Every structure is written in C-alpha cells, then in structure tokens.
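Labels for the chains are A, B and C, by order of writing; each one numbers its residues from 1.
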C-alpha cells in the first residue's frame, strides 16, 4: 500500500509538470490576506504559532507544514507593513524561522522592518509555560489575527479561547485529531489534518507540490475501494481483503 | 441602539464568562469538600482493563509507560495508582516502568508514595522497578523494543540494571506480556501501537485524558489496543479493585459539572430561541 | 555556500536515513545475522540512539537559549520584562544546582518540583475546564441544521459521561456508545487516513528536495534545483 501511494505521488509529481492540477478551495488559506489586511487596518500585530513539537519527533511533518505557512504569512505581513510575532516552543526551530521570516521581508523589499528579537520569541520548552506566555502575548499585545498551524496539544483550547476573547480573527490547522474539535468550536477558519500538509503546495502554487497532493488523493481512493471491498468480502464471509492487508 | 437596556434573554444568551466560571468553580469545589456518594457505573472498557490484569499469570512481566505530565496528574494519577495496586495484588507479576515524559520519574515517585508498595509486599528491584526517562518519544519506544539494555543500562537512580533480579531475562519487547501506557500526549499512546503492537504483537492498554478517548477508539475497535480508558474512570477501577481513593471522589465532581454544562447549553439555547421569536437574536 | 552544501547533501542524508528506517520497519533485508535480524537493524538502532541523544541535547540547548535571550533583557533593563527574566534565570539556576548536587530524586528536588512546577502545571491545565465550558456554552446553539446536530450529539455525550446520569438513564450509555464507536470512530478513521497520506506526501516532498522549509533560507534558484 505504501509503495502504491509512493508510485501515485511520484507519478503525479511528473504529470503535474505538464499540467498543473487544481485545488479545491481552502477558505482558511484564502482568508490569510483578509486576516493580515484586518491587522493592518486595526494597527495591531499578527500572531503566529506552530505549536509544540520539534523537528526530531513524530509530529515534525506538521511543524514543517506550519513553517511553510509562516513563510507565506511573513511575506504578506511585510507587504502590508504589519508586525508578525512568531512564538517559538522549540529552540531548534528558531534559526529556521528567523531565516524564513528574514527572507520574506527581503523579498518584500523591507529588510529593515524585520526585528528578530521582537518578532521571533523563544518562550519556553515546557508546554504550559509556553501556553501561559502566549496568553500573555495575547493580553498585552492584542493581535488582530492569530494563526496556529502545526502540532497542538492541550494548550489549543487555551490559545483559541484567549484570542477569541480579545477579538482576534483566527485560523487554526492541525493533524492531531484530539485538538481538531476544540479549534472547530472556537476558530473562524480551520484546516483539518491533511489540509495543513497541502497548505505549502496551495500557497506556493508550485505544480510539483500540487501534484503530490493529487497523488495522496489517489491513495485515498485506493483506501476507499479497499474499504468497500473489505466490507463486502467480510459480509460474505471471506477473509481475502483482511488477509491481504495483514489484519 | 446604544444605551438600550438588555433584557433577560439578552443576558442569558450572553452570560459573562466570570459568572459561568464562578458557578463552575462552586460545582467543582463543593463535592470535593462534601462528597455526595453518587453512583458510579462500571463501563465495559474498565471491566476489560480489569479482566486483562486479572488474567496475568505468575511470572508475567508488565511494561508501564508513565508518559504523562504534571498537568495531567490529577486525572491520570488516580488511574495509575489503582492499576499499580491491582498489579501488586497479583502474585508473581513483575512491573517494569519507564517514562517517555520528562516528568515521569517525579510523578512515579509521587504515585509510589501514595501506593506504599511495601503494604503489598512488593520490593523495589524484585517486583517493580523504574528504568528512567528515555528521551526521544517514539524513537525511544522503538529502541527499547529492539534492545532495552542497549538503550538504558541503569535504573532511574543510576544503579546498573544487572544488579536487579527483576531485570533477569528482560531483553526487548518480546520479554513483556503486557504494555500499559498513561499519557497526556497522543503521540505516546499511538506510538506504542506502531512500535510495539504492530512489530511485536505485545498486548497493549492505555489510559489517556478524556478528550483523547474518541481519537484512540479506532485503534481499540481495530483490535490493536485491548482497552482505552480515561483517567476520569479511575473511580470505576477503584470500585473493582476495592481500593477507593481520589478517583471515586472526583466522580461526584464530574457528574455535577457535566450537569451544569448541560444546564448552560439549555439556558443558552432557550435564550437564543426566545430572542429569535421576539424578533431579535444574532 | 553552494547549492550542493546547502540543499543537495542535507536532502541526500534525509533520503538515505528515511529509506534505511523504512526498510528496517517493513522488510527483513539479507544478509541477516544469527538471530534473523537484517543488516539494517544495527544501523537503525544506532540512528535511534542518536535521535535520543539529539533530543536530550536539544533540552540543554533550550536552556542555553533561554539564558541568552533573558540575559539580554536583564542587561538592557527592558521595561516590564527584566524582573521576570531575572526571576526565571534564578529559578533555572536553583533547579539546576539542586538537581546536580543533590540529585533529581532527592527530597529537596522533589519538594521544589511539587511545590512549584507541578502545582503551576496542574493549575494551568485545569483552567482548560473553564475555557471548554465557555466554548461549549457559545458553540452548542440551535442556529441551523449542522449546529443542531452538533448540539444534540454533544448533549448526549456530555450526559453519558456524567457517571451518575448514566446509572439513572441507561439508554444514554447505548446512544453514547453508538456515537463514539460508530460515528466518531469512522470520522476519526477518515481524518487519520487523510492525515497519514498527507504526512507520506510531505515525506516524499522532503525526501526529493521539494519541501525545503526545514533547511531554512534558500534562494528561489536553490529551492527549484536538484533532488536527491
């Protein structure tokens, strides 16, 4: 199954070089310019967090997905003259985030407006110390927009409720199923699970990245077919499909 | 219009947070001070958990991961304590503990102080041991499962594992008859499925935060986890093990606060619909 | 710095390591040793131990970073900040000194931990209950069909999870179980499958050098050129 998904994804990457597939609308990502624009009008900053997790653990893909969105949001903020504050949980992410944000400001032609110490804040490597610090940023600096993309744990509700209370517009996205319901209840826009992995491709528009997303959709179709066949086979008393999948 | 007085429905539709929290606080604290002794049903998952431990034979070896943080201690601590008590009641069952959470060793000490293993005739190094915090999350689980001695050679005090009788013959995941995990982080509870159950077929149970249970249910329904419980169900386990403690006490709190939340939902909806019928409402 | 050094070599390392770990997980690759373990087993074991060491190192790195960051606030007397930075560093030093000289299992360290960090951590975590309550009160409203379904399901599960209510109204247990074991489980499975496929897709993009976020700053030319 994994090899099949690989073949689909690599094949889609090649096909996408000739013909770029289309994405369905992801309203959360489409709303990013609106969110940054709102912050510009209100003369308040944008807050960004990629949650907990490091580059060496199992949630690293979500963190990388969040960094891809951070780069895009930093460009928008640089363009509109809005201050973006990135709250860092893991120290190892700081140099990467700093470079991404600096590059965004350089690309927007405003390198002098990027202040690393003010905008890239390492808060704490402890979950609730980090959560308290982010809530402190919310209360003191009152960002107009809060963007949370990455692996989130129990602090998700703390963040969303606090920022909701101060009137921030919020976009959240995580692949951690435990926290999706909390974001769904409070946040204005939500990216569910695989949508955060597609975010980098969606925002960059790179045909090859978009192609990989199409490849994973083929994988889903295969999973769906296997599910239907499995249900029918099991109902008929056959173990062919479950045996094939080693279950 | 600005300055217009708010009616009762306006107020009930948008009760200030301070009022919500104050009433909730009263419902939290009151049953802790004056326990009501409300009934506690024993659910199927807790019964399965109990039966699995009860079925352990003398000589069985259990691995426990104390993978929760200080924030989760009030919920998972009681469950960890009562399960240890149950395990200590079983003759000849050995319990080896590790932590994938950095606070795990402190929380284990806290649990041991509450359990008092000597009361069950359990001796450190013979019947139970803690091999310390292993950094790396899922990498640690995989490493321990592959070769425990290569990953850690001392217990959490720093004493060599070889000197403890309990560690005789313990090599890798195949040396264990049961794996139990307490965690506030889904990466641990799911990681053990990937690294131990899938690779070695080790029977596995986990106790997680109540909000994590729905996400762990697919694994249980697929047969990869024997039973998933929430720490809030510690009271049920205490009833079965006949060791009432913090778990039973918090069952009253859970009942009353849930009823209060239901009341809030009803009040909010009644106010919303009443306002709508009067021609207002957002 | 050339593209080879900045991008090609790191991506090649990612590719080789990822392939090694996946091979070891899924297949037994000859030659095998006397115990039947493949040649990848030893290499992956070492990689995993290196991963554990790196994670432990990053904890120390975080502490150094905290010192660096907060020392700057203290030296500059940043308004409304420098006192908190000073307090933080004092607490770090206290915990470190007690932990190193008396041991992390000593009664002194245990007391420090229980009296400060554990209590604060549990308190902040407990505040979640309040936030959830206010979120619940606002969200479970009969505004349209979707929110009505959301409300009904939420109310049933809330009631089912109240132990005493489940005793007096046994039907709640049956409805709650149906919601959890059928509706929620199927939705979670969909999310998990989608999330897993997304992670695979991101992994392939990373291994082929298409996803370069983790490499930090790269020029457009460097991003577009070269795959492993």
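Convention: a contact is a pair of C-beta atoms (placed from the backbone, for glycine too) under 8 Å apart; a residue touches a chain by one contact, two chains touch by 3 or more.
It should be emphasised that the depicted structure is a prediction, and the values quoted were computed from it without experimental measurement.
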**Complete:** When A-C and A-B are ranked by contacting C-beta pairs, first place goes to A-C
**Fill in**
The chain whose C-alpha centroid lies farthest from that of chain B is chain A
**Request:** Averaging only over C-alpha atoms, locate the centres of chain B and chain C and give their separation in whole Å.
**Result:** 18
**Request:** Starting from the mean Cα coordinates of chain A and chain C, work out the distance between those two points in Å.
**Result:** 14
**Complete:** dist(centroid_CA(chain A), centroid_CA(chain B)) in Å evaluates to 29
**Asked** Which chain A residues reach two or more other chains?
**Response** 56-57, 127-128, 154, 177, 182
**For chain C, residues contacting two or more additional chains** = 51, 55, 59, 117, 121, 124-125, 134, 136, 188, 192
**Request:** Can you tell me which residues of chain B touch two or more of the remaining chains?
**Result:** 17, 69, 71, 136-137, 139, 215
**Fill in**
Touching chain A in the complex, chain B uses residues 17, 69, 71, 136-139, 184-187, 191, 209, 211-212, 215, 222
**Prompt:** For the complex, which residues does chain A have touching chain B?
**Reply:** 56-59, 127-128, 153-154, 165, 176-178, 181-182, 247
**Fill in**
Per the touch rule above, chain C residues touching chain A in the complex are 22, 26, 51, 54-55, 58-59, 61-62, 64-66, 69, 72, 117, 120-121, 124-125, 127-128, 131-132, 134-136, 139, 188, 191-195, 197-206, 208, 210-211, 213-217
**Request:** Spell out the residues on chain A that touch chain C in their complex, using ranges where they run on.
**Result:** 2, 5-6, 9-10, 13, 54-57, 60-61, 64-65, 67-68, 71, 90-92, 94-96, 99-100, 102-103, 117, 122, 124-128, 131-132, 154, 157-158, 160-162, 175, 177, 180, 182, 185-186, 192-198, 200, 206, 208-209, 212-213, 215-216, 219-220, 223
**Prompt:** Tell me, which parts of chain C touch chain B in their complex?
**Reply:** 25, 41, 44-45, 48-49, 51-53, 55-56, 59, 104-105, 110, 113-114, 117-118, 121-122, 124-126, 129-130, 133-134, 136-138, 140-143, 151, 154-155, 158-159, 161-168, 173, 180-181, 184-185, 188-189, 192
